[in-house]
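To keep things simple, chains are lettered A, B, C, D and E as they appear, and every chain counts its residues starting from 1.
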Amino acid sequence: KDLQIGALYPRSGSLALLGEESWRGAEIARLEINKKGGIGGDSVVFVNADGHDVAAAHSEAERLIEQSKLGLILGSYASSRSMAATEVAARKNAVYFELGAIANSVTERGYQTVYRTCATAFNFSKSQSKFIAEWLAPQLKKKPSEVKVSIAHEDSDYGTSVADSFKNAAKEFGIQVVSVEPYAANTSDLSPVIFRLRKTAPDVIIAVSYAQDAILLSRQAAEFKLGIPLFGTGGGHSLKSFQEALGDKVEGVLNVDFTQYEVNSAFTPGLKEFVALYKATFKEDPKSGHSLANYMGTKVLFDILAQTKGSVEPNAFRKAALSMNLPEGTTSTGWGVKFGENGQNLRADPLIMQWRGGKLVTVWPKAAALMDAVLPK
Amino acid sequence: MPLLQVKNLTKRFGGLKAVNNVSFDIHSDEIVGLIGANGAGKTTLFNLISGILHPEGGDITLDGRPLNQLSPPRRSLAGLGRTFQIVRPFAMTVLENVMVPLLARDPHMGKAREEGMQVLALLRLEHLADTQPDSLTLAQRKRIEVARALATRPKLLMLDEVLAGLNPTEISENLPIIRQVHEQGVTIFIIEHLMDALMAVSQRVLVMDQGAIIASGTPQEVTSNECVIKAYLGEETPNC
Amino acid sequence: MELMIQVLVSGLLIGGVYALISVGLNLIFGVVRIINFAHGEVLMLAMYATFWLNKVYGMDPYLSALLVLPALFFFGVLLQRVVVQPIQEASANMQIFATVALSLILQNIALIFWKGDFRTIQTSYAMSTLEVMNIFVSVPRLVAFLVALASILLLYNFLKHTFVGKALRAIVEDNTVARLMGIRVERLYLLAFGLGAAFTALGGILLIPFSAVYPTVGVPFTLIAFIVVVLGGLGSMSGTFLGGLFIGVVETFGGTYVSPALKEAIYFGIFILVLLVRPQGLFGKGKGTEEIGLK
Amino acid sequence: MSAKRLQLLGITLLAAAIVIPAFVDSRFILQMLTLIFFSIAMTSAWNIPVFGGKMSLGHAAFFGIGGYTGAILYVKFGVSPWIGLPAGVAVSLLGGVIMTLPLLRLRGPFFTLATIAFAEVLRMIAIDWRSLTNGSVGLNIPFKPGWANLTFQSGAPFYFISLILAIAVVFIAYRLRHSALGFHLRASASNDEAAQALGVDTRRAHFIGLLWSSGLTGLIGVFYVFFIYVVEPNTMFSTTLFSLQPALNGIIGGIGTIWGPVIGAVIMTPLGEYLRVYLGTIQQGLNFVVYGVVLIVTVNFIPGGIVSLVRLKSSNRSNGSGSPSGATEAH
Amino acid sequence: MLTIENINCFYGDFQALRDVSLHVPEGQIVSILGPNAAGKSTTLRSISGIIRHRGGRIVFDGRPIGLRKPEDIVELGIAHVPEGRKLFSTLTVKENLEMGAYSRRAKPKLKTNLEKIFSLFPVLSERRNQMAGSLSGGEQQMCAIGRGLMAEPRLLMIDEMSLGLSPLLVQQMFAMVKTIAASGVTILLVEQQVHHTMAIADLACIMEKGHIVLSGSTREISGHPHVKKAYLGM
């Protein structure tokens, strides 16, 4: 007998790259558990669906729940797709297990069947702000309230919601946000952004970018000798292609993200095994931490299902989920697991990393760090 | 007062003066013919009168009403009907083709259908009402062109080579129709290369050459005018 | 003031890239009178070709032009022969859809073969800049600008002075009469499409040092190229160059002084305005571009 | 007469459509049918200006304007969707006026290109005008089921809403086509100069046709928002989803006719979904490749759309060599 | 040299040529006369391959050419000066003439032919760099004929040569045609200027409603009562 779960990711179109990478994480967890005999003897099967745009995410969620009669969907990497799909699931009383989308609103609508194992945009911003206040400000010999920050963000839902979260988080830490520069991610020229940033001259730039624009922004910053440290917010700044594109100009770029691979392994038990499995399955290195986050989340899901004996009945599932309690430093991402009433994992804080010697090395917090951060030049 | 009054009308295409300072009148109840060599500017003159082209200078009045500022549809509504030299009926049935101008005047479908059938009857096309024009002969298509123009209930009907490409039998079928339309009180202004046919219907003929009107008069006067013979009829006549 | 000059310079540089990408489209739109919505995908394929030549053989992107341009030329010829020629006489609407479908196919073939990865090439000159009196000029962008200028001059002279170029202009006017002169119209169409693709490919090659390659990289360029061509006037190479610069400058000024997020909206808006005031384009002369609508 | 037969077929299908929910308990099939009905309505509304040869690739503009109006009124100001519906139509009409008046001067491909630009500008404005639209994050319709809120737990209400919408739009398109306006549009499409000379104010006809089209598209947009619960610029103003898709449906079915859009939507909507479900998950992107090939083949081999096959047959019978006249080619 | 046997031509449903047969002997001037829409231009168009004929055949130098493309027919030495001049109006006079020599057959002689044309029509030489679209009607006609001659033709077909030309120009044109014919080029002339044509043509045929109704030597034809009445106004 099979235990069927819907797997909804954008796997074509503009978000295909990390959509696919995210799916791979979940797929590895599935292969792993099936090798161990599945859940209560049932092997796990994914019914895959492509949510390449919002309308497709909506109708695929409908299809998974109604046609394939699934009571459980996992996914979905992109926040806009997640918002549409979770809406469908919640209305149909099906469980939706979000592993990668970070928009705050996914778990803010009071739905009882929507869970999220990964960090929210606000978590990202909080980590960044905390890092700026506790580490960067002293390095600059300033009080946190004297640190000036500009935000440059791509203007889709991802960039916009992260930028908004940062504004809120910065307030908590008394950091000044001096300007916000939205731009379209598919542009071929970001010099206007650079010119505006140069005019405001902040101490650090929070950049919220997809892949292509992250590269473009850094390259043009280098070309125009902007000389202001960039602080990425996951997305494009974590990608190997970002490092490849920038070469030695990548050195020192800060970044906050889901757990990546250069991290204190004591803090992330199981990570090494995951990387090995990934390589064995897909014949290449993981492209980003998205696969890891989805792997970790899927495993949490399987733990819950093990408790419910494979049942996805919403009440039983909720009881099992809320009873999960893992401290930080016990999963492959280093995150703990404790779901709040709204279904959000409260122990999934993103880490601060820095590109050092061509690698995205975790530098903060201490427990996860491999190195100390240095002030970027 | 003349029905149509054209004064000093001029139209250039680049360097070419297709219509050059042309003035003439057409009175109610006339049938006026317009002849002239290929490229003399006859069709251009029609296009100027019907508003498809805008003149560089000159005035056109219909029934005392200046037309210059009116768009082609307004001129049509003011009583100006015309056919096109190159017939391209609308891609709809014959009856529907004729209903188009009727509906532009009164959106009532049933009435348009009824009156459309009347116009078709006048042109002996009623049996073709439901066919698509692209399966018809050129002669029939030219008749649709006339029917459409007639359905605008024009005061002045301008016909551009509606008889061209027709065989003598077809022409002799069509001539009485033109007369019949005329008898219903429509003034007619007709371009035709077929001299015999033109001479048979028109009361007065204008001759154009290189954009200008070079002669005007009864068919007999015109055909014996040496300038006309030279410019249009194609016979060598010295010292014109 | 210094910022103004810097903005102007940057605008002109990106405008040069736009012009280069649009030249190929203009050749196709202006001569074959086909609205090629797969234009950006030709660019994308050229970029992938350049990328792989570098990745696998370590070939310098500028050098790879020697291989990529002929390859894309033949690709263009193939497209004309297989997809476009059968619909050459069809209405413009049908052509739009055939090429939209083509763009869909090419994008997704790229996705199938090369996944959604963002790929870039590392070159020594990728991020090098010249600095003149505090004005920064990106070297690869300057190269792109100069090549754009050069290739537009080349194309201009080709159309103006060579036998084949004149024949290309002749078939735009009247291809039946052109046939009577012994001009092999179909062959020239193939040539026009091939050349159009090759010039577009040149744009792709010059983009590579500062832009990543991914399956949908060409999408925004298609619309930009159309706007540039319509603004510059159909068939006018100098117009295309000026149109490209115009868009580049408008976009950079709008982005810097209004909002980076609205820079596209600004030039789209200006495009619509220009179409209304001058349907023949900013720099087009003679017959309105809308004439083609009549075809 | 083939139109008669098609009509009969349509009525039969309609009867079936009404009883389907009683017999079919698969919500997915209902969902698919709902999507098809939306698609029929969209395509038929898009198709109205096409009677006159004006092909827009910017209809997402009206769809988005309508949808956003409904959503903003409901989510931000608590205004009932039932007021949002006429409001959405009104604002779409306004958009239609703004877009149409200037763009009518353009012909053929230039009209088409300008409509794309128009929709793109609106998309960017929706992204940037955050105080009103909530930017890229968009707005969510809160889940408060009930007819008053146009929000439902079950799929049946939207099945019927979309069915009625489809019937209404097709009916309106049918009436328009067979009214004076339809005659004038068709006449203008086949020979604009001649139509003008016959007293038809063709610009006014195009204008009115586009207004009908934009208003109806706006209306569909409002309903669609409440169906999909989310408004977001890249979806609502999506060129692919709401500008290209109706046009593709139209082309496949046969543009400028009444039944072409219906047939196109009925075939293309499930085809798109089917390809995505069965090919897209085997190999990402494969579905679009197949879809594109289907399109090119159709354009190449049946340029008049599927409807023209039916036409061709019947006219062959009557006169041997009749060819389907491109009723909608823009000259 | 050129023989047409029983060809039919259609525009859509409309039949423009019905069983047309025609013979053009080498070195002669042959004229086709007839009223408007008789099918004269259509006959020339089917010879030069712009439109396809149905049935019958067209033979040039013993070779059937009916199914060849216009581009290939030019290479055989048949040049067609189309009705209404049809110059490339955005190309200059010189460029228009050069286009006339596009064929492989004519290209090598481009330079000498160009000089020849310029000496034949000195006015074209004066205007060589002017856009063809801005020439006067008569100049355009000269340019069109010049462009035809650039193809190095053995058979030159001119459609409505004297259309819209002043009497003086008409006379010059006819004289020119005679000169050209004397240089060994066979001429097929479609004309409305019947008197002039009869004066220079060796053979003539009368075409009406798609049929060839009469053909023979110019003398025979001009003496025919039907022609006298319908075409010569006698």
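FYI, a residue touches a chain if its C-beta (ideal position, glycine included) is under 8 Å from a C-beta of that chain, and two chains touch if they have at least 3 such contacts.
Here the structure is a predicted model, which is why all the values come from computation and not from measurement.
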| item | value |
| --- | --- |
| Partner chains shared by chain C and chain D (touch criterion as defined above) | A |
| Contact distance in steps, from chain B to chain C | 2 |
| Of all other chains, the one whose Cα centre sits farthest from chain C | B |
| Of all other chains, the one whose Cα centre sits farthest from chain E | A |
| Approximate Å spacing (C-alpha centroids) for the pair chain B, chain D | 42 |
| Centroid spacing, where centroids are CA-atom means, of chain A and chain E in whole angstrom | 77 |
| Chain D and chain E: spacing of chain centres that average the CA atoms, whole Å | 53 |
| Geometric centre distance via CA averages, chain D-chain A, whole Å | 37 |
| Sites on chain D at which at least two other chains make contact | 124, 127-128, 284-285, 287-288, 321, 326 |
| Residues of chain A whose C-beta touches two or more other chains | 12, 16, 20, 155, 182, 184 |
| Multi-partner residues of chain E (each touching 2 or more other chains) | 13 |
| Complex contacts: residues of chain B adjacent to chain D | 50-52, 71-74, 76-77, 81-82, 84, 88-92, 96-97, 99-101, 103-105, 107, 109, 112, 132, 134-135, 148-149, 151-152 |
| Footprint of chain D on chain A - complex, ascending | 11-12, 16, 20, 48-50, 52-56, 58-60, 62-63, 65-67, 80, 83-84, 87-88, 90-91, 103, 105, 109, 155-161, 164, 182, 184 |
| Partner chain E, residues of chain C touching it in the complex | 163, 166-167, 169-170, 173-174, 176-185, 286 |
| Touch list for chain C against partner chain A, complex | 3, 6-7, 10, 14, 17, 108, 111, 115-120, 122, 126-129, 131, 136, 138, 207, 210-212, 214-217, 219-221, 248, 251-252, 254-256, 259-261, 263-264 |
| Chain C partner contacts - residues on chain E that touch it in the complex | 48-50, 69-71, 74-75, 79-80, 82, 86, 88-91, 95, 98-100, 102-107, 147, 151 |
